[in-house]
Amino acid sequence: VAVAPICVEDFRRLAREKLAPDVWDYIEGGSGGELTVAANRRAFERAELRPRVMVDVSTCPTGTELLGTHLSAPLGVAPTAYHELAHADGEVGTAHGAGTAGVLYVVGMFASRTLEEIAAAATGPLWLQLYWLRRRDVLADLAARAVTAGYRALVLTVDAPRIGRRLRDLRNGFGVDPDVDAANLDADLMATTHRRRTGESAIAVHAAETFDASLTWADLAWLRGLTALPIVLKGILTGEDARRAVDHGVDGLIVSNHGGRQLDPTTPSLHALAEVVAAVDGACPVLVDGGVRGGTDVFTALAVGASTVLIGRPVLWALAHDGGPGVAGLFALLREELEHTMALAGRPRLADIDRAAVRLDRRG
Amino acid sequence: VAVAPICVEDFRRLAREKLAPDVWDYIEGGSGGELTVAANRRAFERAELRPRVMVDVSTCPTGTELLGTHLSAPLGVAPTAYHELAHADGEVGTAHGAGTAGVLYVVGMFASRTLEEIAAAATGPLWLQLYWLRRRDVLADLAARAVTAGYRALVLTVDAPRIGRRLRDLRNGFGVDPDVDAANLDADLMATTHRRRTGESAIAVHAAETFDASLTWADLAWLRGLTALPIVLKGILTGEDARRAVDHGVDGLIVSNHGGRQLDPTTPSLHALAEVVAAVDGACPVLVDGGVRGGTDVFTALAVGASTVLIGRPVLWALAHDGGPGVAGLFALLREELEHTMALAGRPRLADIDRAAVRLDRRG
Amino acid sequence: VAVAPICVEDFRRLAREKLAPDVWDYIEGGSGGELTVAANRRAFERAELRPRVMVDVSTCPTGTELLGTHLSAPLGVAPTAYHELAHADGEVGTAHGAGTAGVLYVVGMFASRTLEEIAAAATGPLWLQLYWLRRRDVLADLAARAVTAGYRALVLTVDAPRIGRRLRDLRNGFGVDPDVDAANLDADLMATTHRRRTGESAIAVHAAETFDASLTWADLAWLRGLTALPIVLKGILTGEDARRAVDHGVDGLIVSNHGGRQLDPTTPSLHALAEVVAAVDGACPVLVDGGVRGGTDVFTALAVGASTVLIGRPVLWALAHDGGPGVAGLFALLREELEHTMALAGRPRLADIDRAAVRLDRRG
Amino acid sequence: VAVAPICVEDFRRLAREKLAPDVWDYIEGGSGGELTVAANRRAFERAELRPRVMVDVSTCPTGTELLGTHLSAPLGVAPTAYHELAHADGEVGTAHGAGTAGVLYVVGMFASRTLEEIAAAATGPLWLQLYWLRRRDVLADLAARAVTAGYRALVLTVDAPRIGRRLRDLRNGFGVDPDVDAANLDADLMATTHRRRTGESAIAVHAAETFDASLTWADLAWLRGLTALPIVLKGILTGEDARRAVDHGVDGLIVSNHGGRQLDPTTPSLHALAEVVAAVDGACPVLVDGGVRGGTDVFTALAVGASTVLIGRPVLWALAHDGGPGVAGLFALLREELEHTMALAGRPRLADIDRAAVRLDRRG
């Protein structure tokens, strides 16, 4: 008889049974030698928690505020593309699941459902992620629709002037299934994303055609001019850039190496988080994604200074496994594991999760 | 023909042949990713002993005193539950074995034999371990019975406001065999421990119902008021908590991560021992358990500052293998290995086992 | 259907299908325990790139100057012997490929085609590599021919007073195929290179007979007196020797451990590069070879201070796979990967690739 | 067809085919978890040589003096017992081989041939190794015979007040073959060495009966009083004991952990060598054994400060493979590899092998 998933890794195994090999590779793979994918995990596995005892942990509430929004836990969905590749409900399922769990959902620009459909399904907070397109009119249109649909922040991905060399996709000649579209963008603009050619990634070809690699800090002012929504930068990995972002008045940062799918090898997200948190010094919230596979990882990231932790691949695993309820179950599990870790670590409130609660580099 | 065990690992192999898979998993498993289980061993395996030569090692006596009690060696049985799961003689067998070997036996609160039966069988010193139950009357009753039965100290486990996520037990739907009871507690109080439900650990369910997660340092006074017995805290992993315990006048500490069965990942016991010993600075005896699998490990822990070293899983292996004589044999082996290590390390007396006798972090 | 190579490792697999086992071993093998071969790779795999974001990377030109010569990228062919062992076109194929790609080609003294044939086929810059022979007249003749044929520098290999103990060659009784000759040297001088004897390497026997192991710094003056060509030393691994070379007025250095084929174990090339760059302090260009297997490795070496990066075994893999076009394809891939890495690392110009762009020793 | 051994490891494979499994285990095994056996090798494998170039290495003589005796290379046979277990020629074969190679031979107290037979066969220098027996008359007799037979030093093993727990021997119930005797000792004294009992090592039983574990520094005077031969202590692993030995006027030290056969885990021999060399500061020669498996290892040990390097197990492998010629071949190979390493490292004389020639702890 089937046992419900009892750890995040269970969702991975369950998803693999559901997904076509090339879609699995698209989700699972990283760029280059996939060294960063491995390093993201290794960084968490090298952390040791330092528990305090005889603290009243009869309740360990996980609720938090992020940019003025309440979350049931410092957790959210990292932006990823084309959820219909994982499940027919696509982003509507994800929105149901995230809403049920009370966590943040950062909707990807290449969502396979419209912003409006997703917003209609959502019962929790939504942010919208954007790549910097050459077609600024398209960005302006998306930002306007996001405001109308009730999205609460814009996330600008800054680590992707082009798509990383994802060898699995190149070998598979990966293209997006013709039945799955980037529902928020013109079919014309997206045509190449469906192309299947040996040795080529349709995703990468499309980005080369449409992304604007000339983005600089000076361009932020234009984005800021579009809406009053908070602007969050995703893909910061150094203290230097974190300080620069703060100087430019961004409302938040997401430390990310794009799940090891862009530059490879690069700094694992947990180590970059420590560097960025030190540089930001409280000036704005710092979120993180990459390699989080359980509540102890969430706890670790919080101890290092993250405000909220975003989950990427596991959301797609959970969606593939069981649609919206799968996503809700994933976040329920992560929240439960976080609460459990808080209890065993003697940190009953999020504010108790201090830097002394974790040692990042175990001995040996 | 059968060869008697010549190293602790031999007991493991012998036990595995005797135990049902779910009981084996219950004993062997850790929580989470079992990273702490592995780290406990790795810490000992990364130690190097620094021998002195041309020291008279014709005799290497291992006898010691602990809280006023003589032990044949600085060794003891760490508290574990339900010894009848391992062998029909249960804790009576363990008491026989520990007594024969002349080592300390810390009886678990969830012993499958009564404190009085165990005391009747014992020829060596006994301590009683307690979890902090909501039912303080039950604790008071156990403490009173312990005094009457001649137990010499109370050990309060402080790392278990709830049970760790032991995935093996969750997958097995582990519940305690109906024929095995926590003999010192009301059947009513223990009913859920026998429940077998897929995806659930009966042990964890029971603890959630009955353990009091609100325990704080202020509560120690109540326990102290029950008896004049020494009070020892088990489950301290940080220097901060060790100092706090000393400030609260505890009589001893047991450095432990519960054999990797509670918070995971956390500090390996050997490294935590070094931190705690430094913090305690001689104010009270410091014991340790977790990952000790031979006499050189015992020697290493003593060099780092342990007063006595407790043995967990190997006692259950020995008990499963051959009952009380198995336990006696295990401790005879450990004592012999310790004495052997003292001779080869040029430390003929326990007092000679100084910090310079071990290097904790080998190169490479 | 065949997929074109999408990473350097693909060329390796393709080459293995083409080459006889003893030739494969000759190319692939290192000396001793092949610890240096492994260390060369490990050093690159332990590097982490530190990307900057929101930099205009719409173009990332890779063109550079090296000793007055333009290169399409800071890349070149490391000197290796007997390219006809890999492909019938031999060095003529390599010259075609390197020329097509616009990279440097350091022709090996033991080329299987004449310097003049190679020069005739080349459309890019050529350097000539020399071992220090007892027959100085032969060296003088080669230097004179190199000048006439338009070679632009002499590279003196200084790490080979004798040939390393390459156990694969000894086991194979390796000798050069009788159909393949060192086309620039007298057949008499090379006779032993074709000898096949169990337990013996013909290459090593020949070197023992003909190389002059008495070479010292004082001998450089003689070489300098032969031509006005720049002189570059190959095989420097320490800061001490790098400073000494600068004091002797050399025009360039190639940090190299001969691809792990000479002394074993020794410093991996990337770590030696850092030491040499610091010692040279800008006095002359520093090149490097050894373990470079992709554009991120090239980027890493540039960040550490290399002027140009030479490629050894992969050129032979590419040549074996597809002759000159294979070599051109290899360098096109490396250049593309370098340009890609520059874009994702936010360093659009070679001059932007600073030391802060890489962390050499990852944590864990 | 058979290929002659081209590296030390080849001798291992060849020997294994010749030896009975229990004899193989006796030779190959270490004590405890065999962690020290592994650590001895790992220490050498983590060293990196730092070569200098453009040094005249046309000749690299390896001849040296040790305590007034000329050796063809700084190499020797470490003392081991019962060479007839490996080959019918026993120590006579070893003496032939060592003599042919011109290296030191430290004859073991438990040689299976008489001191006089061995001396008659030897053409190179001999030392005699002794354990500290309760029967001092036996020691005195052996010392007197050694003087008469022309042995040039006494080596007192100080790391064996008892025999390490060698689990392989215990499992095999190992006893010395009845046809093989300790030829220099009374049969009565050695009777238990032939006993085969499951779970017991005859070697260990015998040592427990006959070795004097009360040896202290004060006892050295008695040994000194027996002869005018130099006295060398074998089994020193710490700077503390090295200084103490120097204070007691010993003529030499052998850094050794008994090939990982006594205390386990302990400091690998190479790391202990560095510590001892620093402590001795030139006051007497320091030799080393343990984990040396090639000429680069010998070079490394010399760079760290060893005067001469002793070889244990490989001598028995070579003897098992081919008797005296095997031993001669082993040392010829090691000498050739050392000379080769000197050439490639740019250290043509032993005196050039300075501490800067090696980095002990590679990065990563």
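The first chain written gets the first letter, and so on, giving A, B, C and D; residue counts start at 1 in each chain.
Just so we're on the same page, a residue touches a chain if its C-beta (ideal position, glycine included) is under 8 Å from a C-beta of that chain, and two chains touch if they have at least 3 such contacts.
Source: prediction; values computed, not measured.
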What chain lies farthest away from subunit D once each centre is taken as the mean of the Cα atoms? A
Hey, how far is the Cα centre of subunit A from the one of subunit C, in Å? 42
Between subunit B and subunit C, what is the separation of their C-alpha centroids in Å? 60
Make each chain a node and each touching pair an edge, then name the shape: line, ring, star, complete, other. ring
So, with touch as defined above, which chain pairs make the list? A-B, A-C, B-D, C-D
Sort out for me which residues of subunit B touch subunit A in the complex. 32-33, 35, 39, 42-43, 46, 158-159, 161-162, 164-165, 167, 170-171, 198-199, 212-217, 219-220, 233, 235-238, 240-241, 244, 262-268, 271, 360-361
Per the contact definition, I'd like the list of subunit B residues that touch subunit D in the complex. 1, 3-4, 6-7, 45, 47-58, 294, 296, 337, 340-341, 343-345, 356, 359, 362-364
